[in-house]
Amino acid sequence: MSGNTLGRLFCVTSFGESHGPAIGGVVDGCPPGLELSEADIQPALDRRRPGTSRHVTQRQEPDQVRILSGVFEGRTTGTPIALLIDNQDARSKDYANLLDTFRPGHADYAYWRKYGARDPRGGGRSSARLTAVTVAAAAIACKWLAEHHQLRIRGWMAQLGPIEIPFEGWEHVATNPFFAPNATIVPRLEQYMDELRRSGDSVGARINLVAEPVPAGWGEPVFDRLDADIAHAMMGINAVKGVEIGAGFGSITQLGSQHGDELTPDGFLSNHAGGVLGGISTGQPVTVSLALKPTSSIRLPRRSIDRTGTPTVVRTEGRHDPCVGIRATPIAEAMLALVLMDHALRHRAQNTGVGPALPPIPGTAP
Amino acid sequence: MSGNTLGRLFCVTSFGESHGPAIGGVVDGCPPGLELSEADIQPALDRRRPGTSRHVTQRQEPDQVRILSGVFEGRTTGTPIALLIDNQDARSKDYANLLDTFRPGHADYAYWRKYGARDPRGGGRSSARLTAVTVAAAAIACKWLAEHHQLRIRGWMAQLGPIEIPFEGWEHVATNPFFAPNATIVPRLEQYMDELRRSGDSVGARINLVAEPVPAGWGEPVFDRLDADIAHAMMGINAVKGVEIGAGFGSITQLGSQHGDELTPDGFLSNHAGGVLGGISTGQPVTVSLALKPTSSIRLPRRSIDRTGTPTVVRTEGRHDPCVGIRATPIAEAMLALVLMDHALRHRAQNTGVGPALPPIPGTAP
Amino acid sequence: MSGNTLGRLFCVTSFGESHGPAIGGVVDGCPPGLELSEADIQPALDRRRPGTSRHVTQRQEPDQVRILSGVFEGRTTGTPIALLIDNQDARSKDYANLLDTFRPGHADYAYWRKYGARDPRGGGRSSARLTAVTVAAAAIACKWLAEHHQLRIRGWMAQLGPIEIPFEGWEHVATNPFFAPNATIVPRLEQYMDELRRSGDSVGARINLVAEPVPAGWGEPVFDRLDADIAHAMMGINAVKGVEIGAGFGSITQLGSQHGDELTPDGFLSNHAGGVLGGISTGQPVTVSLALKPTSSIRLPRRSIDRTGTPTVVRTEGRHDPCVGIRATPIAEAMLALVLMDHALRHRAQNTGVGPALPPIPGTAP
Amino acid sequence: MSGNTLGRLFCVTSFGESHGPAIGGVVDGCPPGLELSEADIQPALDRRRPGTSRHVTQRQEPDQVRILSGVFEGRTTGTPIALLIDNQDARSKDYANLLDTFRPGHADYAYWRKYGARDPRGGGRSSARLTAVTVAAAAIACKWLAEHHQLRIRGWMAQLGPIEIPFEGWEHVATNPFFAPNATIVPRLEQYMDELRRSGDSVGARINLVAEPVPAGWGEPVFDRLDADIAHAMMGINAVKGVEIGAGFGSITQLGSQHGDELTPDGFLSNHAGGVLGGISTGQPVTVSLALKPTSSIRLPRRSIDRTGTPTVVRTEGRHDPCVGIRATPIAEAMLALVLMDHALRHRAQNTGVGPALPPIPGTAP
């Protein structure tokens, strides 16, 4: 299939542009009988929504989702679930001056080289706005995973530019606009962002994720390994430049006698594997870490060219997130949910009734 | 399709176990008319082959590949190319003592949980031996990419455990068993490995890759982005725990005014993007970096359990690489080649004749 | 991927139920640069629309299509094209009495067995109404095929129940509600349908299709042959029970010396192959014939059971086509267009620049 | 994926040419734990084998299959099962005179137009010899379907050229080289074939299939309907030009009151649907009928052209089946098995635990 469908059995097909009439998606392959209404999806969209703090883009989008199909009398029917979100605050004129130039670090240049045309309206298809579709679709996956496996996926911001954010407790994540698991550090993050915004610049971030409990056995080696599909999904999020599973790049300097997680009758003694061995979940929590680059649309002047190749200088005045990482936590959670859901179905397609019946292994992550 | 096929249009289907009679693969979708014989593939296999230095496993496998189909009178016909490599030095008895226990950090536990059975013979399907199939298939892709796009993919070891390896020149890579781009550091690497081997332990590594020139426009957002598919392929290599494109995790602390690569009429001024923006190649060199964990099969004793859940201690006496990273360079190059080949075909399927006709951009990587 | 996406490169994902708020689809993989607006799609929908003669269902649906994405300034951008059609005349109450019973010959029984629930509103997902999505998507394919290959797909009704309809000329097809290529026979068809409608019964039909000129070389054996994919698409149309390519079932009694189409420098001397040999188009017109069963929803009483297994008698009073074949011609044309479009892209992905440059062969079909 | 893989979850990837060193395939997605050895596959190959009567090609191929992977200690492991069959009696010289000409009705012309080259050795990839791979792969599917669903697939020749073959009993099918379910008619078939062979001509045939019991609920509408996927598989068999499900083309003249199968608490009263409604199995036997064209390779002279377009006359002297339909029964059974196996897995991926638990419905087919 073409590049706008994610998943083999739980399939999300995405459509829409940042400044077109609507964005949306089709979820095909959802098991029937799941209780579902817009109220199950809207909270996830609200977590991702722009305009909710001064640290993110001030675009105002209610992001109200409508379910157009696949649900009857409050339950999924097993047929495709179409999700529609109208665009409302689409001020294309903000972008008029960008029509012929390319923003350094922005996808607009690559899109032009690929498709031969420019849709300058807020990034068109490459806009992070499209992640709303992913988040909406993943809310369905999350509900099914919770009901069938008690599986929960949670993320947090672990670093904002130079500021590392120590994990203190899950209870903090929902209480600040950064998804920081740490209340003490929030004023410092706010001050940093205020200064950054004033300077007209942007910065990167790190997001961490944990899914638990994940049943052992998910993943389809040798190519569609669980970690490989997670990496695909994560690197497919706008602005992500790096993905780690478990110990990640820290593995380079580890010895085998440190890295390999020892087993006991009570479970593993560590989780350097990040819950995946040989591309298959082990029953431990699945842990993932992402690097997001700084937003490319900044107010500072930068050298660039226009479509004729003539040198120019670009400043982006539109409404943008000075740190896309701030809103990335719900998006990363969503992508992980979609991968796990797809593998839950792939695993039971081939392996129903095989394998030892053992419970997932309680984890200590993060 | 199931999990042992990679690619949508240039498809590699892999089969075989480490200690079965043979391993192999089927390449479907190769353009017809490409000159091809075993002599085009064998050198790539020889680079990956075990037993060629004291620093890698001493298993002796000639890894002679045979083409069973898809080539007629020295040229590809457009039909599936079957590749077969016999296993020869398969001493399964080495593994007899592992039948009922699990190696910490090894895939054997996860395989058992998924499939309900154990194939203890050298890791069965999860063995790094299977990467020979990928390397053989990728040799075909490399030849086509070179002929049609002058595209070349090259990798090197950038770090061995604690030892960082500064890039000095491509000419060094082929002159040492580590694929180190640096002649001076080789004695230090050899000494480190000798000590490691004596200690019975193992260690991780970092591999870097550059592909150039890559035409602008490859990649299929929003999900099958070029970087996403690269991440999928890389994280699918045995022992890989982290993947970076361009600046990777370094992006976290970069400002937008540093990260975004400025454009001039003569090309980009930097390559923090790693040649990919919005999931589409820009024409710059594509740069990738990988973290490999230490081998799980080590001689040092480790706590584990057996199939009944009883505590035990495991030592692995078979022939193993104390640093899988040492042989990983050709494998990583191969995976990158397969992804690029697939996207070359995907791009021309949809976009033949569109987009501005501009040449790739000369890069300065690494 | 799941079952509601058709095509590998030109992909149509369908959603919606007959009596939900809307139906629609997403077309992914369309080449960029194609001029496109709703005005290119609406005429195709209007040909398929119900309520346009007394011989078809009297449901009134304007079937106004909206393009939600993938088109900018009047041209396709290469990103997904979302198509939305609101349902308007959805009188679900007509179906209230069907909630617990199954119509003989209708999909409602099978859907209940598969998904465990009943959506009695006009057949839900199994309704022929969903073919509107296919027709809309195919209008895009038709436009591209016409522009790039001058390819045209045309169908006609060849038999209505017992009445065979001799082909007299294309000019007649658009002048009667049956898509009959024969003006003389129309009164007889009308009389037959009037009597059938009064009797409360339904009847089957045969539809024929011709696509020409089809370039030689399309089709991906050994499994995704062009004829195989056509058969898949055709048998996937509601009510179709048989598919023929070329001589079809007539081949059984032919001798090889009759069937094999002889070649001359001026082209083939006959077209028993229906334009496909070995699963690949030969350059001749592609000819297809379909058998459609009689509508299952009829007013005559029939024995059935309800969900508890209790015997009952079913009569269907809703608005239905007494011969689904009457409206099937545009639908069958649409499915053929989607298959040809997908294979046009698949062929050029692998085989750009190979094969002898010869024009398609002028055909004499039908 | 490319065109040589069949199935989404139970995937068969085929490779090889008629006169290359070997043919084979890879089965990916087979559930683990199935007892399997070559002895489970060989009988199916022996039924399809050439050279077993004077009515079929005299090519002598032992068709010994070897399992190269995916089986350990007599059971499938869940990893890919590679199947290899060596070619032995490949007399390519028989075809030397065909190098530059095209046989009317043969795939060689279309292959040349697609791939730009000719592999004249017995049809290369388009040879019916490749169906051996399908038959071998399907033997695995048949074993699983029998063990898990008691499902059995059986076919027979229903017509040989002009001679219709009334069904008398299953016990006759294995007792004659035609797979005729009728002992009395065999001498007439033999006489017809002897005369045909002497005349140097060939003829078509009809094959019928029944699968039973098929659980209700298999099939993935709206596009991957069970009947659509069956049609795809059947039309993908060499020489097939028509496919019917249930009443097939007979549906055209049926009234709805005749065609729709009435339900009673004891099951359906007829099976015009062929066991499929709305693209989903109903629990009735699945019935399929195929039309095969006469072999294109005949001794009678026929007008054709060569690669330069010059007129010529072609006679085919190689060893060929004068009626490919004679050996088609095991091939058609195999293709049906592969489709049903794939849908068994697809259904349980999405719908495990949903739907009413009712047994399949006893059928009266044929």
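All chains are identified by letter, namely A, B, C and D, in their written order; residue positions are counted from 1 within each chain.
In the analysis below, a contact is a pair of C-beta atoms (placed from the backbone, for glycine too) under 8 Å apart; a residue touches a chain by one contact, two chains touch by 3 or more.
Please read all numbers here as calculations on a predicted model, not as lab measurements.
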Given the two chain pairs A-C and C-D, which is bridged by the higher number of C-beta pairs in contact? C-D
Measuring between mean CA coordinates, which chain is farthest from chain A? D
Here the gap between chain C and chain D, centre to centre from mean Cα coordinates and rounded to Å, is 26
How many angstrom between the C-alpha centroids of chain C and chain A? 39
Residue numbers in chain C touching two or more further chains are 1-5, 8-9, 14, 29, 32-33, 78, 114-116, 125, 346, 350-351, 354
Which residues, counting only chain C, touch chain A once they are in their complex? 1-5, 7-11, 13-17, 20-24, 26, 28-29, 32-33, 66, 68-70, 72, 75, 77-82, 84, 114-117, 119, 124-125
Using the touch rule from the top, collect the residues of chain A that touch chain B in their complex. 1-6, 8, 14, 102-116, 125-126, 130, 159, 161-162, 201-206, 216-225, 227-236, 238, 240-265, 269, 272-274, 276-283, 291-296, 298, 300, 302-305, 307, 309-311, 322, 346-347, 350-351, 354-356, 358
In their complex, what parts of chain C are in touch with chain B? 8-9, 29-33, 78, 345-346, 348-352, 354
